[in-house]
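There are two complexes below, and they share chain A, which is joined by chain B in the first and by chain C in the second.
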Partner chain A sequence: MSIDVELQAAAIKYKNKQKVKDRFISAFIGIFAIAWIFPIVWTVWTSLRPYKDVRAHGVFSMPKTLNLQNYADAISRMDLPLYFWNTFAITVPAVFLTLFFGSLIAFVVSRYSFRWNVSLLLLFTAGNLLPAQLVFIPVFKMYITLGKAVGIPRLLYDSPWGVVLIHVAFQMGFATFVLSSYMKTVPKEISESAMVDGATVFTHYTKVMLPLLRPALASLGVLMTTWIYNDFFWALVLMSTDSKRPITSALGRLQGEFVTDYNLLAAGAVIAALPTLIVFFVLRKQFVSGLTLGSTKG
Partner chain B sequence: MNSTATGSKKAHRRRAFSRADRTTLSAFVGVPLFFHLLLVWVPAFLTIVLSFTYWSGISISRIKFAGLANYKNIFFDTPAFWEAIQNNIIWLAWFAGIATPLGILLAYQIDRQIRGHKFYETAYYLPVVLSLAVTGIIWNFLLRPDGFVNGLLGRDIDNAISFFGNYHINIYVILTIASWRHIGYIMLLYLAGLKSVDMALREAASLDGATEWQTFKKVIFPAMKPVNVIVIVITIIESLRAFDIVYIIYGSSAGFPILGTLVFQNIAGEGASMKGAAYAVILFVLSIGPIIAYLRTTFKSDVQ
Partner chain C sequence: MSEVTNGISRRSVLKGAAVGGLGLAAGGSLLAGCGSKATGPLAYGARSVDAGPTAQNKALIAAYTAKTKNEVKYNATESNAFQNNLSQYLQGTPDDTFEWMAGYRMQFFAEQGLLADLTDVWGAIGDQYADSYKIASTGLDGKQYFVPKSWYPWGMHFRKSMFKDLGLSADTVTNWDEFLKMLDGMKKKGLVGFAAGDKGGWEAMGTFDILNARINGYQFHVDLLAGREKWTDAKVLDVFTHWAQLIPYMNPNVLDLEWDGAMQLLLQKKAGSMLMGSWFGGNFKEQSQADYDDLSIIPFPEINPEHGRDTVDAPIDGWCVAANGTNNSGGSDFLKFAGDMEGVNATLAAKDANGALIPMTSANNGQDTSTYDAFQKEQMAVMDEAKYITQFLDRDTRPDFAGPVVGPAIQSWFKNPKDVNKIVDSLQAQWDALPPLA
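Up next is the complex of A and B:
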């Protein structure tokens, strides 16, 4: 009895101690969390202030006016609609094709047992992990050579399609890997009954497989959209005309051009980040599950 | 008898596919495979071959065999290479020793649902979705000579600290920016993994009077082995390949040499030399270990 009471007292004491500790930990993490978002908050703040105001009174001055003028200026002076359109023309086909190709391989590998299934999966996953720099020189030459051969020099080099294709080739490895590990969690019986019913491979894919894959495709689609949207390496090296580049690649040049007008640049940066911020706040669940489906299987 | 049985089974199975089905299957595998091989594996192989040649990149007939000359040049006549290696090693040490452990501990605390954990998760996760191009601009606002930090330190433009230009500090400045993103990324991966750890394990440990640190070290961390491997691999690969943030800040100038930018300087634009290919191959060779570790962990159950 007395031992029991003693134990209980010890447990309460321990719990109280833990509570104090937890509060300390929480405060500590909290201070850092505020520091973490500060750079973003500061950028948004900068973007709302007129340049003249800052130049006259310094960055720490209390603002006389806060408005969206910088945003309007950024959109017109930086040609942002054009760059957004370029991004759109690369991201949408690239994500669509990546998901399509990835789902085809994942379908075959997870629903039919061929001897080379695992090797195929390994090939795709390993391909996705190769450094982009390792493939750049030959891809560049291939694009130019192909353009010359068919008489359309800008067929792939300096064209959105060239950037789309290289994204698809790389990312389909990741898509295949994620979708096939997702398929493993779906019972095979559904597929087997379809096969017994005499469904062709094609209907099996379109009528049975695709509906099952929908949640995984949604998550992966969101993740791929952010990745391809954010990438600037490929558009930088495979395009030579600046007005064709997507917004993230164009930002570098804009940064140089508008180097003195920080407030305008801040507005441009916020606008460029907007689509990813929307993804962050609206489609967060899909983003996280896309990321973790691929990295923490099982 | 046994073999004939499996033999006939195989034959049966083969017959089960109609001609149309066989065509569909071949197309399903063949088309994606074609693009993947053509744009990833074939170029990777060609780059390895090219790294042993001299070539200005213009006409294929002018490729000349160079043996190990490109590599010799890199190892013995290019001081920037060793500077880059040094920077990559510091990068890796920082990520492995500071950023990744912080991300893991953060995930652990947030997973325990300490007060405010929802807000914390959001705050640390936010930089992960931003493009590095945007990240570069954002940090430039804070660190430029007339920016927030210099203002806070009471320095005006004339005696401002040059955070990106000063050799003694710029690597730590860049690593801070890189960690701003990396910590959130690791936290996300780890959080997802922690969700799969049995709650009963933790409760048992805390009933036994284990402290938080002991619970983490003895119970949680070992239970997370597959995630740990992935996190380690990601840390190594990201440190080797670091490129974007440095490129955003320094452009293609040699302001801050790391492997990723050295490769870039030597392959992009005019005067491409196959030294660039050799750099890319070195980068590849260094990443083989982590890539294999990653594949082994993720495909362990498939290969058996």
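Up next is the complex of A and C:
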């Protein structure tokens, strides 16, 4: 009897302790959540105020007017359909090619053992370590030289395909790394039985591995889409015609030479961020699993 | 370094604008012959996506196409992106003619063979421009690579109404002592005397330019920026000593404000004066006509009587032709038209979204200055008083020195003005460490 009471008391004490701990953690997380959400809320808030009002009364003044005029202006000045199409024309081929080539290499280095397979994997992963700013001059010169050599100056430079290629080259390292880690978690026996049944290398890849890779490909595809969608740098340095550039550079159209209307820019930023936000909320699960993909090795 | 002098010829031409109008009209019709050859379609690279310049460019291009039947493809890029990417742009597949800046910024690319020689364009339209513009358009090899469009001066801006309330006028702020007295008076009234922002790193370069030119003169300034003088010179330290005297009158958050933050202080009547380029008049006008009418500019006060007020920062914007373009002769042909009074008039006729004319101070002698508004006339007066024109620090020295080195150096000086010796040492050391220009 007394033991029961004691146990109960201990349980309550433990529960209370846990409650305090939970509250502390919640408060801690809450603070971080606010710190993260603040810039986004501030952007939305800014986008609703006219610049004229801010210029005359300061950023921290109470707003005289709140409206959606900035959004209307941003949409008309950004030439949205054209730039969204440009982004689409770059992102979709780039993501597909990255996943295709990445899975091919990952397949070979993880399923077949030969002399160079680890070094090959390392080579592809190492490509990830080079910052884009470092390699862009050689890439740029290469594109120009190649264009001159074949007599079509815009073969790769100032062409969406040039940008697609560089994205494929850059993202493939990460894709290979992630997919090969994932493939290593697939039991070897599946591959062995496929080979025993007489599957060729190609059949082994298309009929056995690809279906198993589907969840990994989906997650990686979502990640790649947002990364390539958000790129500004490559399109800027590898293209000279502004009307071929993606949506991220259209944001620049809202920026003046001297004056930057941050309220208008905020509206543009919200618009440009919308597709990524939608992708995130629809495919949240894939997103999270994509980020942790390959972190556990079987 | 461009030796830009604002000669007597220009001033006399401007003074005789009323008489000159006739002669120039005749000149215009004589020159109307050029630009009419069919040189084929060309591409135009704009360095701005702003509404005003875009309307001007479109009007100019429409006039050119109407006259020559040459189609012009318009490619506009936001100015910062365009500027940062210019080197790649010019080596790749550039537009035939593109918007750029005069002076060192142009010479830098001309030296690399990326700009087309425009000597023949100057042969056709050169007599419509003062010598100072020709010099600013000339590369180190003596050929012209640039056609000027417009300019704006840097000077002390204030509000007429506030000046009146303070019992001041342009004549009572002509030298350093009077200037400090003015700032003191503003401070006593609870105003920011000298509104400043340097978050972008370039804004305060204008203050350095003018102080250096006033204290040490034009020649020392250009020599310093070209590396012929040392940053560790006592003369440079003297500039910072004078500058430090202004700090008590500045807003305390200089490094948190971009230039337009400083402008807002003036617009909201929280600040009494601001040193800035006159381009921002457009912002005042956008706010309201009354604010624009209240805006005024005077030259920065004299410090060293030896140099008086003989120098002004007045950046010139205009066009170049890209050597790697597909139609160089088309590009030159376009600039012959754009630089000619006929093209200037087409540009000036452009209207903004509200149907109002867009204020522009053209580099062409032929612009009818009687149509200038009061603020433009004051800009003109600031320009005319100066004997020497500089472009602005980041246009007058190496691009790999101005932005990455001078900008942060001035910002760190704002953080700790006592470090001035360390800062000039580091400036000189970083200049010495720069690779020679190819």
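Here, the second predicted complex is superposed on the first by the 227 of 298 C-alpha atoms of A that agree within 3 Å, B and C clash if a C-alpha of one lies under 4 Å from a C-alpha of the other, contacts with A are read in each partner's own complex, and residues count from 1 in each chain.
Quick note on the criterion: a contact is a pair of C-beta atoms (placed from the backbone, for glycine too) under 8 Å apart; a residue touches a chain by one contact, two chains touch by 3 or more.
Computed from a prediction, not measured in an experiment: that's the story for all the values here.
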Touching partner for A:253 - first (chain B), second (chain C), both, neither:
second
Looking at chain A, which partner touches more of its residues: chain C or chain B?
B
What is the contact status of A:183 with respect to chain B (first) and chain C (second): first, second, both, or neither?
neither
Partner chain in contact with A:154 - chain B first, chain C second, else both or neither:
second
Per the contact definition in the header, classify A:125: touching chain B only (first), chain C only (second), both, or neither.
first
Contact-wise, after the overlay, does A:56 reach chain B, chain C, both or neither (first, second, both, neither)?
second
Which superposed partner A:237 touches (first chain B, second chain C, both, neither):
both
Now for A:33: first (chain B), second (chain C), both, or neither, which partner does it touch?
first
Need the overlap of the two footprints on chain A, from chain B and from chain C, as residue ranges.
58, 236-237, 249, 252, 255
What does chain A use to touch chain B in their complex?
10, 14, 18, 21-23, 25-26, 29-30, 33-34, 36-37, 39-40, 42-43, 46, 58-60, 101-102, 104-105, 107-108, 112, 118, 120-127, 129-131, 133-139, 141-142, 165-166, 168-170, 172-173, 176-177, 200-202, 205, 226, 229-230, 232-233, 236-237, 248-249, 251-252, 255, 262, 265-266, 269, 272-273, 276-277, 279-280, 287-288, 291-292, 295-298
Chain C-facing residues of chain A, complex:
52, 55-58, 77, 140, 143-144, 147, 153-154, 157-158, 236-237, 240-243, 249, 252-253, 255-260
Spell out the residues on chain C that touch chain A in their complex, using ranges where they run on.
45, 47-50, 53, 75-81, 84-85, 88-89, 91-95, 258-260, 264, 267-268, 279-280, 283, 286-287
Complex interface listing, chain B residues touching chain A:
17-18, 20-21, 24-25, 28-29, 31-33, 35-36, 38-44, 46-47, 50, 57, 106, 109-110, 112, 114-116, 119-120, 123-127, 129-134, 136-142, 144, 146-148, 151, 180, 184, 188-189, 192-193, 196, 209, 212, 226-227, 230, 234, 237, 240-241, 243-244, 248, 251, 260, 263-264, 267-268, 272, 276-277, 279-281, 283-284, 287, 291, 294-295, 298-299, 301-303
